[in-house]
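Consider the two complexes below, in which subunit A is the common component and subunit B and subunit C are the respective partners.
Let's look at the complex of A and B:
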């Protein structure tokens, strides 16, 4: 293994481990701001460091510090302490492990070497996801069971039954998708989605599998125990379900596990149905061939975006009543100067690329970075859909939930398999 | 070199899990140690570069079947006091050792006398989804279909048995 190989292994694993973790902060922030937006209120706007609130992100840091310094209580009636402690770890680790096989850029070609851009370059792809998701259930079951508490037990039962039932429509929706792509390897699936249907429509999964995408997204919502399927927590009826007895960092692990799971399933939905890292109409080869004009376009576009973003910050980040020496104005000035220095640094880097390094390896790396950006942007939007649904739909009743899973989604998924295979056999 | 250590680690875990399954009294402990065994077996399959079997072992056995068993243990909330008394336990253990002992000796002898052969590493295609699928649907189509019918029969049987309860 050369030094480059080792560097890329470290980079990929670091990406696979730290990006979901940093997205936890982004998602908690998005959840709070989203909830505030949907309910027409302000959201987190008080916690600050030296007057900087970072749009509410500092609230996350405050919460993290609070959870880390809380007393870690293991209730006296808990008989199986080992399982009680193991459960939150299992939930968190399985959520994080799922991300290992999701590609975040196309295969990186450096010289004569090919690097698959996944944290773990395994070619069983989607099967790994299905396997690891199954283990998440253990965490929930063990948490509910070892809490030895009526609410905990009910929450655990509900969550486990729900996850096990929705794995079936999810798996069946995947079967028809696998028939379309003809592979289980997620990188190959992503490459397939770079092609064009009839020469002008991107061959994304959502175009080829319109029914499958709906089934899969509904099942994915149920798998992550998010509203409208969050009966496992059901604050109004069973307090908090399976994590009612947990406190401090053990609770934080459940909480973070939920958001990591949400990020990973968004990433998977994007990978399977929304073109993964592909920029529509521009597949990897086109991007590499047109790297220079693309960079010039970005260099022109960046200040424009920066200008509008700065204007947006200026419009929103201010006191909504008269104050002497408004501190928000100072805050805004700092944010805008930060924004412009970021734009300036990016411009300098891109200019250096244009002058010194264009062609060959630099083009490949640039395209990979662009694709990582595209992938994260799409995943961010998909995460917003999760937040959107959570604050829009009410919670289902438990019998309704099982009815949707078994009586609606399952037959629809089977029908989808028949239609898909008929089309593939007759036209494909 | 690394694979040898991995093999020993996984094999040790598998045996320990199996021992835990029969030694632990509490059903949840037994089930969880069995999960450890199943996962280590999956690891052993992966070492043999049987990728599809690795995934299926994790999805079906370690994931689906065992989570159903753990779910049932939780659902019925079985505690140690609910278990039947087993006063003759050690008698059965001793009998088991006497019966299994010679067979174990035979197996050890067989593995000792195995001829030493060169180990060849298969290429990437071996054990992957495509290869196994093509083998299953060309050379082994009839057994595959027969197994599918068997599973279908089991499924219908389960539905009939579950549906009978309501009708007298």
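Let's look at the complex of A and C:
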């Protein structure tokens, strides 16, 4: 192994471990501000460091510090302390492990070496995901059971029944998808989606499997225990469900685990159905071949985006009532200068690339970075859909949940397999 | 005479509605509209920026109590115990003493209101024959760090001014 190999291994593992973790902060922020905007409220807008609120992100830091310093209570009636403590870890670790097989850029070719851009480069891909995500529910069941509390128990039971019922339509939706792609390797799937259907439609999973994508997304919502399928928590019925007895950092682990799971399943939906890291109509080879014009395009586009973003900040980051020497105006000035310095630095880096380093390895790395950006952007949008659905739909009743799973999604998934295989067999 | 029967149309039973997806899409369009409206211009949020912007309180609002005074500054209360008797949560404690200024025979030497017990029903105000106790201070946020400081004494109650002028208060039906 050369130094480059080791560096790339470290980089990929760091990406696989830290991106979901940092996305937790982004997602919690998105959930709270998003929820507020959906309901015509303002959301967290007071917590600040030296007057800088970062659009509400500081509230996350405040919550994190609060949870870290809270008293960590293990209730006296808990008999199996080991399982009680194991449960949140299990939820968190399984959620994080799922991300290990998701490719975030196309295979990176440096010289004569090929690097698969996954935290754990292996072929089993989607099977690993199914195996690990199914394990995550053990954490919830363990938490419910070891809490020795009827609400916790009910929450755990509901989660177990729900995940078992929805894993079947999910698996069946995947079966037809695998028949289309002809592989279980997620990187190959992503490469497949770079092709064009009839020469002009990007061959994304959502185009090839319109029914499958609905089934998969619904099942993924149920798998992550998010609204409208969040019966395991159901605060109006069973208080908080499985995590009713947890406090401080153990609760925070459940909380973060939920958001990591949401991020990972968004990433998987993007990988399977929405073209993964592929930019529509521009597959990896096209990108590498046209790296220079692309960079010039980005260099022109960045200041334009910066201008509109700055205008948006200026318009919204001020006090909406009379205030002498509005401190938010000062805050806005700092944000805007930060924004423009960021734009300037990016422009300089891109210019340096154009002048000194274009061609060969630099192009490859640039394209990989672009694809990582695309992947994260798509995943971010999918996470937004999660938030959007949560603040739109009410919770299903338990019998309705099971009815949808077994009586609607399951036959639909079977029908989807039938149609897909008929088309594949007849058209080849 | 026959009973009038009104048939209520059951909604949500058509195939499209049973499919959920169309209805979900409709609902999600509505919420997304709200989201972008607020994201693009957050001055349109339906919120009051409390505590910087305080709510307007009407004269009929039952806020924290106060004891009123005559023009010369003497206590209106005659320690008749009407409010204490009428109080459903037993939060008023009065001790009567002799009154020497000739207005009446009695006056309170102690008048405590336990704000932790009080339910802000306003029965004391209605019961008072002398218009001596009122809830027109406009104080709606009663908070403290200790239980002791939540018990108001005679001095505290007399000190607090009313938030409204007399005419407005009377118009409010007080």
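Convention: the second predicted complex is superposed on the first by the 428 of 428 C-alpha atoms of A that agree within 3 Å, B and C clash if a C-alpha of one lies under 4 Å from a C-alpha of the other, contacts with A are read in each partner's own complex, and residues count from 1 in each chain.
As a convention for this text, contacts are C-beta pairs under 8 Å (C-beta built on N, C-alpha and C of every residue); 3 or more make two chains touch, one makes a residue touch a chain.
The shown structure was predicted, so the numbers you read here are calculated from the model rather than taken from an experiment.
Enquirer: Between subunit B and subunit C, whom does A:392 touch in the aligned arrangement: first, second, both, or neither?
Expert: A:392: touches subunit C, not subunit B.
Enquirer: Return first, second, both or neither, reflecting whether A:77 touches subunit B, subunit C, both chains, or no partner chain.
Expert: neither
Enquirer: May I ask you to decide whether A:320 touches subunit B, subunit C, both, or neither, giving the answer as first, second, both or neither?
Expert: In the superposed model, A:320 contacts subunit C only, not subunit B.
Enquirer: Which chain makes contact with more of the residues of subunit A, subunit B or else subunit C?
Expert: B
Enquirer: After lining up the shared chain so the two structures overlap, which partner does A:135 touch, if you call subunit B first and subunit C second: first, second, both or neither?
Expert: In the superposition, A:135 contacts subunit B only.
Enquirer: Report, in rising order, the residues of subunit A that make contact with subunit B in one complex and with subunit C in the other.
Expert: Overlap of subunit B and subunit C footprints on subunit A: empty.
Enquirer: Once bound in the complex, which stretches of subunit B touch subunit A?
Expert: 28, 32, 35, 51-52, 54-56, 58-59, 62-64, 67-68, 70-71, 73-75, 77, 128-129
Enquirer: In the complex of these two chains, what residues of subunit C are touching subunit A?
Expert: 21, 24, 27-28, 30-32, 34-35, 38-43, 45-47, 49, 52-53
Enquirer: Quick check on the complex: what are the subunit A residues that touch subunit B?
Expert: 80, 83, 122-124, 127-128, 130-135, 137-138, 141-142, 144-145, 153, 156-157, 160-161, 164, 167, 184
Enquirer: Hey, which residues of subunit A end up touching subunit C in the complex?
Expert: Within the complex, subunit A contacts subunit C at residues 34, 36-42, 214, 312, 315-316, 319-321, 323, 388-389, 391-393.
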